[in-house]
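Some structures are shown below for you to check.
One chain, chain A, links the two complexes that follow: it is found with chain B in the first and with chain C in the second.
Right, the complex of A and B next:
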C-alpha cells in the first residue's frame, strides 16, 4: 500500500515536471520553478497543521500515537520548508537578481524553517522523562503554529516583493501545478505515515528491551 | 535555464535524501529485530 502511494506520488511529480517543462511552460523559463516551489510550500504549511492537530491530541489524551505523528510531521515539514526556502531563493535570484530580501513573506517563511529546526532540536535535547518532553514540544508546536497564518496572509495584506497569487494562461499550466500539488501532498502523507510506523516499531522494541 | 535546473535538482535531492534517511533507519530497525530474534531462543 505504501509502495503504491510512493509510486503514485513520484509518478504524478514526474508528469507534472514534464508538463511544466513542455506544453505548460511559463515564460520566461525560470518562472517554471513555481511548479516545484508552490506544492512544497503548501506541504510545509500542511505539515504544520498536522503537527498542531497531533500536539493538541497529545495534550488532550496523552496517547503516544499523537506524539509520534507530531515528530513525523515535523521532520517531513522541515524537509518541505527547506525546499520552500531554497527554491524561493533560487527563483528570487533568477527573477529579481537577489538571493533574499527582508520582505514579510520571505521573513515569515524563514521563521517557519527555524521553528521546525527548533522543534526538532527540542525533541532530541530536552532532559527528563519522555512524557514531559513530549508535552513541552506539544506546547511549543501549538505556539509555533502562529507563524503559519502569518506566512499565508503576509503577501496578501502587506507590501511585498512576493506575489500573493499567480494567474495562468493555459489549462496545461493549471494541470501541471495541480498534478504537482497532488503528488507532493501524497508524498508528504506517505512520509509521515512511514516515519510514524518506524517510530512506533522503535518505541515498542525499546520498551521490550528496557521495560 | 541554469536556475530552473538548480531549483528542480534541489527538490529531487531533498526528497530522495530524506527517503534515504528513512530507509537507513528502517534497515537499522530490521537489524535490531533480527538480533533480538536470534538472542531470544538462547535466553529461553
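Right, the complex of A and C next:
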C-alpha cells in the first residue's frame, strides 16, 4: 500500500518534470524552478497543519500515535521548508539578482523554517518523562501555529516583489504544476506515514529491550 | 473571583519581594541591557550623525529587551525548583492559569523596571528624539513587554528541568516572537523619526503600513499569545 503511494508520487513527479522540460516550459529558463518551489511551499504549510492537528489530538486524548505523527510531520515539514527556501533563493538570485531581501513572504518563509528547526531541537533536548516532553512539544506546536496564518496571509494578499500567482500561457504548464503538486503532496503523506510507522517500531523495540 | 485576585496578588508580591531581597536577576538584566546598548552604540560609531542612528537605536533597544527579558523569565520558574517550591505552588488551592497570570505580571513588572532604566540610556547614547510622543512610546514599550513576557513565562515553566535551560528557552521564545517584532520595530522606528508615519512598498516593515496599524498588530499578538499561553499553561506544568 505504502509502496504504491510512493510509486504513484514519484510517477507523478516524473511526468510533471517531463512536461516542465518539454511542452510546458516557461519563457526565461530560471522560472521553471516554480515547478519545484510551489508544491514544496504548499507541503511545508500542509505539514504544519498536520503538526497542529496531531498536537491538539495528543493534548486531547494522550494517545502516543498522535505524538508520533507530530514528530513525523515536523521532520517532513522541515525538509519541505528547506527546499522551499533554497529554491526560492536560487530563483530570487536569477530573477532579481539578490539572494534574499526582507519582504513579507521571504521573511515568513524563513520564520516557517525556524519554527520547524526549533521544534526539532526541542524534541531532542527535553529531559523529562516521555509524556511530559510530548506535551511540551505539542504546546509549542500549537503556539507556533499561531504564526503560520501570517505566512499564508502574506503569501496571498500583501504587496510584495513575490507574485502570488503566475499567469500560464498554456494548459501544459498548468498540468505540469498540478501534477507536481499532487505528486509532492502524496510524497509528503507517504513520508509522514513511513516515519510514523518507523517511530512506532522503534518505540516497541525499546519497550521490549528495556521494559 | 475574589480567590483569583487574592491568589494573583499573593504570588506577584511573593515574587517581587523575593527579587527585592535577593537581588538575583534585576541587576544582571540591567547591566546586560546597558552592555547591549553600549556595544551596538560603539559598533555604529559612524552612524551617529547620519540617519543610521535611529535604526540602530531601535534595534539595540529590542535586542536588549528580548535578552534581558529572557533572564527574568528563566528565573521565574527556575527559582521555584529549589527546595521543591513548585510543588507547594501547585498544591495551593489555585487554578494553574492564575499561577501563570501571576508569574506573567511579575515578569512584566521586572521588565518594566528594566525598561525605565535602559530606555533613557538608549535614548541618550543614540541621541534619539521622540518629539513629545511619550505616551505612544510608553504604549509601544508596554505592549512589546507584555508580548515578550507572555511566551517566555509559559516556556520557562516548560524547559525548567533541562541542562541547556537558558539557550533552549531563548531559541523557543525568539522564534515565536519573530513575527511580533516586525510591527514592534516598525513602531519604534516611526517614533524615532527613521520612518514616516505611513509607508508603502514591498519591504517587510512596509507591510505594517502605519503607526496605528503597528499598535493594532502588537495588541493582537499580545491578546492571542496571552490567551493561548494561559489556556495551555496547565498542560505544561503538570507532571
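List of remarks:
Methods note: the second predicted complex is superposed on the first by the 208 of 211 C-alpha atoms of A that agree within 3 Å, B and C clash if a C-alpha of one lies under 4 Å from a C-alpha of the other, contacts with A are read in each partner's own complex, and residues count from 1 in each chain.
We take it that a contact is a pair of C-beta atoms (placed from the backbone, for glycine too) under 8 Å apart; a residue touches a chain by one contact, two chains touch by 3 or more.
What you see is a predicted model; the values in this text were computed from it and never measured.
When the shared chain is aligned, chain B comes close enough to touch A:40, but chain C does not. Residue contacts after overlaying the shared chain place A:7 against neither chain B nor chain C.
In the superposition on chain A, A:86 makes contact with chain B only, while chain C stays out of contact range. In the superposed pair of complexes, A:104 makes contact with chain C only, with no contact to chain B. Of the two partner chains placed by the overlay, only chain B lies in contact with A:29; chain C stays clear of it. Comparing chain B with chain C, the partner in contact with more residues of chain A is C. Of the two partner chains placed by superposition, only chain B is touched by A:94; chain C is not. Look at A:126: by the touch rule set out above, it reaches chain C but stays clear of chain B.
Of the two partner chains, neither chain B nor chain C is touched by A:49.
Once both structures are placed on chain A, no chain A residue is touched by chain B and, in the other complex, by chain C. Across the complex, chain C meets chain A through its residues 151, 154-155, 158-159, 161-164, 168, 171-172, 175-176, 178-179, 182, 200-207, 224-225, 228-229, 232, 235-236, 238-239. By the touch rule above, chain B contacts chain A in their complex via residues 1, 3-4, 6-8, 10-11, 14-15, 18-19, 22, 25-26, 29, 32-33, 36.
Touching chain B in their complex are the following residues of chain A: 17, 29-30, 32-33, 36-37, 40, 75-76, 79, 82-83, 86-87, 90-91, 93-94, 187, 191, 194-195, 198, 201-202, 205, 208-209. Within the complex formed with chain C, the chain A residues making contact are 59, 101-104, 106-108, 111, 114-115, 117-118, 121-122, 125-129, 132, 135-136, 138-140, 142-144, 146-147, 150, 154, 158-161.
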